[in-house]
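As structure tokens, here come the structures.
In what comes next, subunit A is part of two complexes: it sits with subunit B in the first one and with subunit C in the second one.
Right after this comes the complex of A and B.
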């Protein structure tokens, strides 16, 4: 898969404080989530990618061009976290202005503006002055200006902030559509629940370092110190628990009062294969099965715990 | 490949032109225009009152009105109003990020917005000179011709200085106001050659030279022995070099600086 953004051994110092420490990664088509606490280095990474900051060491390139160069901006769309606009303008005029500043003629800028306003669901509301918009509408306009020149790399800093749940669903749908068109999307968000379903790949960042990167399932599997927790509801909990205890991958089985089993297992995908065999062999019915700590939040908590308390 | 490159250059030029037009329009509709209009209105009333007395001479107009009101106050204030309302205001309002995300090279962003600031500032300073000279009656109208070039050169130097302040410091308007109202006045009135650090010194040299036909020159507080004027050609050259140098410095600062929100 084509690399759209290449970050090569990048460090960024703010005087004596390090913002980003020897980070290397590649952003490819698909949705990449960027997760970390405040001050972890998310904003620094984003500002380096958008060319607002220069790396102290290393290099950030977009489509082979230095991120700060004017040429690289043709491939980059950015939805910044700041809630600032040319307030006297309407949403439509703001997006059209951004299209003109990307070098499009009056007609093409107008056409592109209408396309992206429709994509973000603002066609009917874009003629009001920006100063009168709700937070969610402002987010949509910011997103529209990021998409107006059809960039290959779209960097979104907290794009769902202030957007109502229905709107979030619509925007997530839009991100997926863009991904399906081959765009590379980097989303920084503190809404970790949405990362579970949105991101193909997640970058966990802490104190300027990338703690882990990959799909959530891949990262979860790598966390050997933290066996996956699986809840199973069945009418024959005791019998199933006995069968499962014999498996190597099962580290512990807890029998709950309400006929529920709580398992601690290693290599969860491999375990599911073994579980299927056990269930087929024993004829035990399973009513419900849930992996309860494979969410972005759970993985993030485990990673942070491992980082803060290394063995 | 050549076609692509040519198309790219044309696209950038179009975007740069649009940025100039956008900056011009936003600056013109800003509160700076109201401030300038208000100040010029007040100055016009003062000049109209001054001109009521008969037998005013061009020398009196230049010394009592133009140097005292326009050169000392309105000229730097008009310049700073627009020079610090361009990129500096974008920075304060955190909208600069949108300009830096466009595929325009930073020097072009600086030059496009600076051109808009310079044009508007020049319109107010040269236009203001014209208006005050017209209101000043025959004395003012006679003085208009020699005064305009001095105003134009000084506007360029002031705007370039305040543009540099704008891309270098936060709260550029306050710093520029402090410079225009205090430091420039203080340095400009110091004895000896220290006053040569002030832009207003060169403006006065140009005005004294151009107004020689009306019999004006360094006198009173501007006593030639204290003022030590330089030749008009030298003053013009210095204002041009100063303007160009400060503009280049502003361009370099803007090109290489990291602007975080």
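Right after this comes the complex of A and C.
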């Protein structure tokens, strides 16, 4: 898969404070989530990618061009988390101005503006001054200006902030459509629940370092210190528990009062294969099965715990 | 209000050259100023002065054509409007004073807010660099200055020429045209660089107005005091506004006295140094980060 953004051994110092520490990564088509606490380095990474900041060491390239160059911006769409608009301006004029700044002629800028306003559902409200917009409407306009030049790399800083649940679902749908069209989307968000379903790949960042990157399942599997917790509801809990204890991948089995089994297992995908065999062989019915700590939040907590308390 | 991802359309085509991005920035800045009522008040003040001179030129021309006897009286009463270089210089100077007030109030909106509220992120994510952003912003300030000083002066010059019923006025007074353009250029360049530098540091309207007041009121007052105490005219060079006017007078070819002639070169150096210092001052504010390696 083509690499759209290449970050090569990048460090960024703010005086004596390090914002980003020797980070290397590649952004490819698909949705990449960027997760980290406040001050972890998310904003620094985004600003380096958008050319707002220069790295102290290393290099950021978009499509082979230095991120700070005007040429690289052709491929970049940025939806910043700031709400610093010209409040007197209408949404339509704002997006059109951004298109003009990008190098579109008057007519083409107008056409592209209408296309993206329709995409974000703002066509009918775009003539109102920005000062009258709600937070969610501002997010939509910001997204529209980021998409107006059809970029290959779309960097979205907290794009779901202030958007109502219905809007969030629609927004996630739009991101998926863009992904299906081969766009690379980097989404920074503190809404980790959304990341579970949204991101193909997640970057966990802490104190300026990338703690882990990959799909959630891949990262979860790598966390050997934290066996996955699986809840199984069955009418024959004791019998199933006995069978499962015999498996090497199962570290512990807890039998709950309500006939529920809580398993601590390693290499969860491999375990599912073995579980299927056990169930088929013993003829036990499973009513419900849930992996309870494979969410972005759980993985993030484990990673943070490992980082803060290394063995 | 729902998203329509299915309507997404890819775009492929040729974009215009990057440097053309400066124009939308300048235009946006101008439009922002024109949208606020407070600025309309100041612009109206400038317009009043313009209309007065415009009407005076018209009145003098009409009276001269219809009643030459009355013309002498009118010329004596309205002696400030003669169609000479001085007329335009004084007009531009008066307009410039209103413009300086306008810039003090508009600086935060034109430049400061971008840096204070992070609006620069929108610009820098476009197909342009910081250089284009700076040029665009300077252009918007410069255009504002030109629209309130140079353009009205040019209109008056054309009016005077047209009402003289002969093209001789234009042919004989090309020096005035050069003066209007030269003085206008000095005003635009100096004020735009100075405002950009001050707004990039002070950012909010109140500090900016205070800084602007220091530069154009307190420092000249101090200069006048020092001149009186030390009895040395060179202290007058601290008055930036006066230095610009002196250069403007030179553009109109109107420096007659030796004393003014002696101050011309130092005044030019001071204006150039102010411009240079302004550039040096705003570069780190725009660059945001320094390359260590």
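Please note the rule applied: the second predicted complex is superposed on the first by the 311 of 311 C-alpha atoms of A that agree within 3 Å, B and C clash if a C-alpha of one lies under 4 Å from a C-alpha of the other, contacts with A are read in each partner's own complex, and residues count from 1 in each chain.
Basically, a contact is a pair of C-beta atoms (placed from the backbone, for glycine too) under 8 Å apart; a residue touches a chain by one contact, two chains touch by 3 or more.
Values in this document were obtained by computation on a predicted structure and should not be read as measured data.
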Please determine, from the superposition on subunit A, whether subunit B and subunit C clash or fit.
clash
When the two structures are overlaid on chain A, which partner does A:70 contact: first (subunit B), second (subunit C), both, or neither?
both
Check the residue A:84 against both partner chains and state whether it touches subunit B (first), subunit C (second), both, or neither.
both
For A:98, is the partner it touches subunit B (first), subunit C (second), both, or none of the two (neither)?
both
Thinking of the overlay built on chain A, is A:122 touched by subunit B (first), by subunit C (second), by both, or by neither?
second
Using the touch definition from the top, say if A:60 reaches subunit B (first), subunit C (second), both or neither.
neither
In the overlaid three-chain picture, which partner chain does A:20 touch, first (subunit B) or second (subunit C), both, or neither?
neither
Could you say whether A:35 touches subunit B, subunit C, both of them, or neither, answering first, second, both or neither?
neither
Which partner, subunit B or subunit C, is in contact with more residues of subunit A?
C
Subunit A residues touched by both subunit B and subunit C?
50-54, 70-71, 73-74, 76-78, 80, 82, 84-86, 88, 97-98, 100-105, 145
Can you list the residues on subunit B that touch subunit A in the complex?
11-12, 14-15, 18-19, 22, 26, 29, 93-95, 97-106, 108, 258-261
Using the touch definition from the top, list the residues of subunit A that touch subunit B in their complex.
47, 50-54, 70-71, 73-74, 76-78, 80, 82, 84-86, 88, 97-98, 100-105, 145
For the complex, which residues does subunit A have touching subunit C?
12-13, 50-54, 56-57, 68-71, 73-74, 76-78, 80, 82-86, 88-89, 97-98, 100-105, 108, 112, 115, 118-122, 124-125, 137, 145-146, 149-150, 167, 170-171, 173-174, 176-178, 181
Would you tell me which residues of subunit C are touching subunit A in their complex?
1-13, 15-18, 20-21, 24-25, 28, 32, 35-36, 113-114, 117-129, 132, 288-293
